[in-house]
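I've put the structures underneath this note.
In the two complexes below, subunit A is the common chain; its partner is subunit B in one and subunit C in the other.
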Partner chain A sequence: MASRDVVAYRSPLTTALHVAAGLFVAVYLAWTILPIFIMFVSSFKDLLEAFKLPAVGDWGGVLVFFDFTPTAKHYFNLFGQLNFATYFRNSLAAALGSAVVSVVLGSMCAYALSRIDFRGKKDLFFWIISTRMAPVVAVMVPLYAIFRNLELVGTLPGLILAYTTFNLPFAIWILKGFFDNVPYAIEEAQMCDGATRLQAFRSILPLVAPGIGAFLVLCVLFAWNDFLFASIIGSGGAKTLPVATRELVQPQNIQWGSIMAAGVVTTLPMMLLGLLIRRYLVTGLTMGAVRE
Partner chain B sequence: MAARTGGRFDLGRAATADAAAAVLPVRHVAGVRTIDYAPARLNPQPSRSYYFWMMAPAIVVLAAISLYPFFWLVWMSLHNVEVGAGPDTFVGFANFERLFTRDRKFWNGWSLLLQYSAMCLSLQIVLGVLLAVILNGSRYEKILVTVILMPMMMAPVIAGLVWYYLYNSTFGWYHWLLQSAGILGETSIVGSTSTAMLGLVIVDVWQWTPLITLITLAGMKRVPRDQLEANMVDGAGELRNFFAIVLPNLYPFLLIAILLRFMDNFRFIDVALTLTGGGPADATNILPVYLFDVSFQYFKLGRGAAIALTLLLVTILLGMLLVRLFEGPQSRRADMGSEG
Partner chain C sequence: MIRWTSRVKFLFLLPAVLWVLTFTIFPLGYSIYLSFHNVERQVVVSGREQVPVLDAAGNPVLRPDGKPRTRTEVQRELQTTFTWNQFANYARAFRDEQVWNAVRVTGTFVLVGVTTQILLGLALAWLFNRNIVARGFLRSIMILPIFATPIAIGYLFFTIFYEVGGPLSWTGVPWLSNPNWALTSVIIVDIWQWTPFCFLVFLAALQGIPDEMLESARLDTSSEWDLWRYVILPMLLPVIAIVLLLRLAEALKLFDIVATLTKGGPGIATQSYTYYAFNVGFKLNDFGYASAMAFLLLIVVMVIVTLFFRRLRQSYE
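Moving on, here comes the complex of A and B:
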């Protein structure tokens, strides 16, 4: 704030407020990071060590948390005995497949929508966005019935198609905003130079490429993190990481070490991708309503 | 930006002429410089059918996976559909009648869903806005925001499992913390009917408060500077500035955040399914969880479809409200000029 220099004046009250603000942020950070940190550390603990807790009220005993010998056996267990390499591949194929399908079809549609006007365009738009907003469970009831008839339940193509129900409308909606910002004059000039319509469309793609890339990543993220579709539509032949992790919870024997390791395996790639597209995150998560 | 009126492209013509002149052959006929050009090729505009063909694949796919299932949903809601229980029979509005008159869990589900959303949102708004106000313009804003948005990247079901571990009454660290602080007894927070809902709310607040912070921060960058300065010249302090100018400017952003989170609470039930599965004794049986149970535990798809339709209807109403707001805060779409 430019004028802060002029009125900056430290009363005891403002100092107290600043200290309180700093404290609040510190506590919030601890609260945000702790679950992730505990997941990460516990994935390297032996089961007995992971269950060690200080006595109730023994605040000094917190250090017990760090009292362990690191072991990677849960990771070996996941990829050795529990077949997680396959589930990882399934997750990747389903997420990437639906993201590519959505972004390719979506960018064509978004481009056309941004270039012409026609009657009922607003209604078409509303239909597209309401498809994205529809509750997953509600969509799944009829989708399950249809897929069962088509024998798509438990297959990767079925899962990709299911993910496309929320990724395609997302891609159309958000990419239209991007094409709206590209002046038509560029294509017009291209076509004057003898480019065909398709070449003209291709010529503006580099301009929107960063956005398209970011939203492709976001589509991957949405699909990767899904559990409901995967548990019903993908069950059987197309088990993904979240479903496989959830299945480690068994009534008699909960393999916490493996669950935490699987959590790290599932979460880490998405956190890295999230950092990669940090700039587009707000736009993507608010369906383009808010931009940074 | 192409300024368009009535679906025709006006701006850009000047630029086109320049571009054309640059590439067209220049000849000198009898000392006079002439330019060959083919008028028919200037200012080309692809036919409308070309654009419709580009739209077609996406629209067809989307119709196949959303419109077609929607009609199925309506059809199913009027029938008695049960997996592995013989042919589907037409029952008229019996499914709905049962929901509205006899199904206590249906109304309980709605009321719990509203309670759950209200608790989550009020906590998230308070924490999120407070955090944004503190972080805005601070030296460490960028790095801190990057750290706090980490939980959003986690798959909800993984978040549910991690918190299940933390809440565990024999080896969960958070349970130990709450117990040591004298807040909880022996039972886990998700194990008793009075606190289970709170357990779910805490996870949602943990995971999604950063979204509110991000949206608020984006909104705060757009608060008109001159208004703030004018107010300060009038002798307002930072606190009064915040309530008189910053907050009113944030309302549209917060409304968007609230609607988005509200709809997400309809969409995602991963955490509830993992942590409580609707229990204990239906204390957390919010409507989408109930719908999941009816459809995929008891496989009564007809009744499930009826519940799904009511859920869909409310979502669509909320969606209409949201789309209205899209034109609001930044008038971003308004200056595109294409949607009259």
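Moving on, here comes the complex of A and C:
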């Protein structure tokens, strides 16, 4: 017996605690994954099967949930009759459009902020981050009025403008962090060789490219999941998936299968994208305050 | 460091700064303007016109006497009038019982929800911060709710909490029909979605604590509790504060879940502040009052953000 085994003696109490901890994690995982699982399963159910009735207090009733014949008709219905392909495109165009505009303008501004010192820079920063945290509803009414006058309500450019409003401050904030990590020496060498500032900026872009890419995805995610702007500015001509999903809810004969299918169509791409950038997630979601 | 020519400086800075200025300061100014006005929007008849009736092919339909058939078309116009009413909108907000109800709902939601998320997140991060099987994979599963679209999640939980035949109906709990339970349900959904965020950030912070530090601390004490109390927690404190700030700012805007899961009901039991302000503005078309309410919320959020930032600036620099 190696000496290590002796040292690693565990009292029964420790073992019990370990088991409890494992159980807690397992239960939490189940609680996280079950709703998503239910959404998937329900999207393949017919209306009648979706609400089979177990009696109150009947534990076996839970099994009723799995008693159904799978059907893909809701997906066919969404894309065949309800124009979900269009809404999907709208969502994608609005989200991607605003992400690209935010990242392009944001990276230039962030680069300059990272390299120049000027009076009031900190205040400018504070102002930028507070615009990101301010409640959207505070500018909702005026934005709607302005957009209506510019005839941007119900158009994709309108949505892109609106989303850029909340993605751009975020972009400036995060990207500045990325540029701060790039040494000055590279640009200095370039500019001594006669490069212009813009060329020098372009030369360091590859260094921050992974961060920018991850951040672009995050911007897409925020815009994609938005409902408040979409329902006011996008409704009509530029309906996005969340708004379209909401319209599936009719006063009568609600097709829950269709709504769940719409939920899957909306949520699944974002989950995949989110997992793709998980290395940058902590930095992105805490606005650069915590790094991994 | 090579100096910037001022022209280039502006080229880099100006587009973004102008954009943010245009779409935040200007609407905000307009919002303040609106909040001191009584805004009435009504449809008025602005004119009448005789237009020929066309058939399906686009040809004019003729009357028996050979003249084209006509109909009267009424032209309507949306007219908006602004009347200065000093602080009437704000005074109304402080007297409005629905506002106080919304404050209570949002307050409960924020207090209970955010506290639970942070505590649960800390516990989970602590449990994950050791060698457990398939940690990376499990972590990926854990964070899935963060990416879920709130609208979809709201409807998903509507079916889950459905009291007649939903998957939780066997509990016999009035999930959505009882005022207190409905608010609890909204909080549960928020906890489901955002605990993973707290967990993720706390886990990253825990992993960022240097091993040497923990090892040398372990020489002084054998108790895990002391280790947390005197070493880990002080190091986590700024991170907890940041998570708290971000969650507070986000939770105060509660809208999507309420709009889908409960529609503010039963009655107004889960009507959050944003939901109420939104409805006043876009359902009742009372732009002035809605702006005043929104502005009050903005002040609250700004106070919170400012207070936190006094303390947190270092983490961001």
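Here is the rule we go by: the second predicted complex is superposed on the first by the 282 of 292 C-alpha atoms of A that agree within 3 Å, B and C clash if a C-alpha of one lies under 4 Å from a C-alpha of the other, contacts with A are read in each partner's own complex, and residues count from 1 in each chain.
Definition applied: a contact is a pair of C-beta atoms (placed from the backbone, for glycine too) under 8 Å apart; a residue touches a chain by one contact, two chains touch by 3 or more.
Quantities reported herein were computed from a predicted structural model and do not represent experimental measurements.
K.L.:
Clash or fit: how do subunit B and subunit C relate after the overlay on subunit A?
P.N.:
Result for subunit B and subunit C: clash.
K.L.:
Mind working out whether A:223 is in touch with subunit B, subunit C, both or neither, as first, second, both or neither?
P.N.:
After superposing on A, A:223 lies clear of both subunit B and subunit C.
K.L.:
Could you tell me if A:267 is touching subunit B, subunit C, both of them or neither one (first, second, both, neither)?
P.N.:
Once the two structures are laid over each other on A, A:267 reaches both partners.
K.L.:
Looking at A:114, would you say it contacts subunit B, subunit C, both, or neither? Reply first, second, both or neither.
P.N.:
First partner only, subunit B.
K.L.:
Based on the superposed arrangement, let me know which partner A:153 touches: subunit B (first), subunit C (second), both, or neither?
P.N.:
The answer is neither, since A:153 touches no partner chain.
K.L.:
Quick check on the superposed pair: does A:181 touch subunit B, subunit C, both, or neither? Answer first, second, both or neither.
P.N.:
First partner only, subunit B.
K.L.:
Which partner chains sit in contact with A:94 here, subunit B, subunit C, both or neither? Use first/second/both/neither.
P.N.:
A:94 sits against neither subunit B nor subunit C.
K.L.:
First (subunit B), second (subunit C), both or neither: which does A:138 touch?
P.N.:
It touches subunit B and subunit C both.
K.L.:
May I ask you to decide whether A:189 touches subunit B, subunit C, both, or neither, giving the answer as first, second, both or neither?
P.N.:
First partner only.
K.L.:
Based on the A-chain superposition described above, do subunit B and subunit C contact any of the same residues on subunit A, and if so which?
P.N.:
The answer is residues 21, 24-25, 28-29, 31-33, 35-36, 38-39, 42, 50-54, 56-59, 65, 105-106, 108-109, 111-113, 115-116, 122, 124-126, 128-131, 133-146, 161, 164-165, 168-169, 172, 184, 188, 191-192, 197, 201, 221, 224-225, 227-228, 232, 241-242, 245-246, 249, 256, 259-260, 262-263, 266-267, 270-271, 273-275, 278, 281-282, 285-292 of subunit A.
K.L.:
List the residues on subunit A that touch subunit B in their complex, please.
P.N.:
Against subunit B, subunit A makes touches at 1-3, 7, 21, 24-25, 28-29, 31-33, 35-36, 38-39, 42, 50-54, 56-59, 65, 101, 105-106, 108-109, 111-118, 121-122, 124-131, 133-146, 161-162, 164-165, 168-169, 172, 177, 180-181, 183-185, 188-189, 191-193, 197, 201, 221, 224-228, 232, 241-242, 245-246, 249, 256, 259-260, 262-263, 266-267, 270-271, 273-275, 278, 281-282, 285-292.
K.L.:
Taking the touch rule as given, give the residues of subunit B at its contact with subunit A in the complex, in rising order.
P.N.:
Its residues touching subunit A are 1-2, 4, 6-7, 9, 11-12, 15-16, 19-20, 23, 41-46, 48, 50-52, 54-55, 57-59, 61-62, 65-70, 72-73, 76, 81, 127, 130-131, 134-135, 137, 144, 146-159, 161-166, 170-171, 173, 176, 179-180, 206, 210-211, 214-215, 217-219, 221, 225, 228-229, 232, 253, 256-257, 260, 263, 266-270, 273-274, 288, 291-292, 295-296, 301, 304-305, 308-309, 311-312, 315-316, 318-320, 322-323, 325-326, 329-330, 332-333, 336, 338-340.
K.L.:
Which residues, counting only subunit C, touch subunit A once they are in their complex?
P.N.:
Contact set of subunit C toward subunit A: 1-2, 4-5, 8-9, 11-13, 15-17, 19-20, 23-24, 26-28, 30-31, 34, 120, 123-124, 127-128, 132, 138, 140-153, 155-157, 159-160, 162, 164-167, 169-172, 192, 196-197, 200-201, 204-205, 207-208, 238-239, 242-243, 245-246, 249, 252-253, 255-256, 259-260, 274, 277-278, 281-282, 287, 290-291, 294-295, 297-298, 301-302, 305-306, 309, 312-313, 315-316.
K.L.:
Any idea which subunit A residues touch subunit C in the complex?
P.N.:
21, 24-25, 28-29, 31-33, 35-36, 38-39, 42, 50-59, 61-62, 65, 105-106, 108-109, 111-113, 115-116, 122, 124-126, 128-131, 133-146, 161, 164-165, 168-169, 172, 184, 187-188, 191-192, 196-198, 201, 221, 224-225, 227-228, 232, 241-242, 245-246, 249, 256, 259-260, 262-264, 266-267, 270-271, 273-275, 278, 281-282, 285-292
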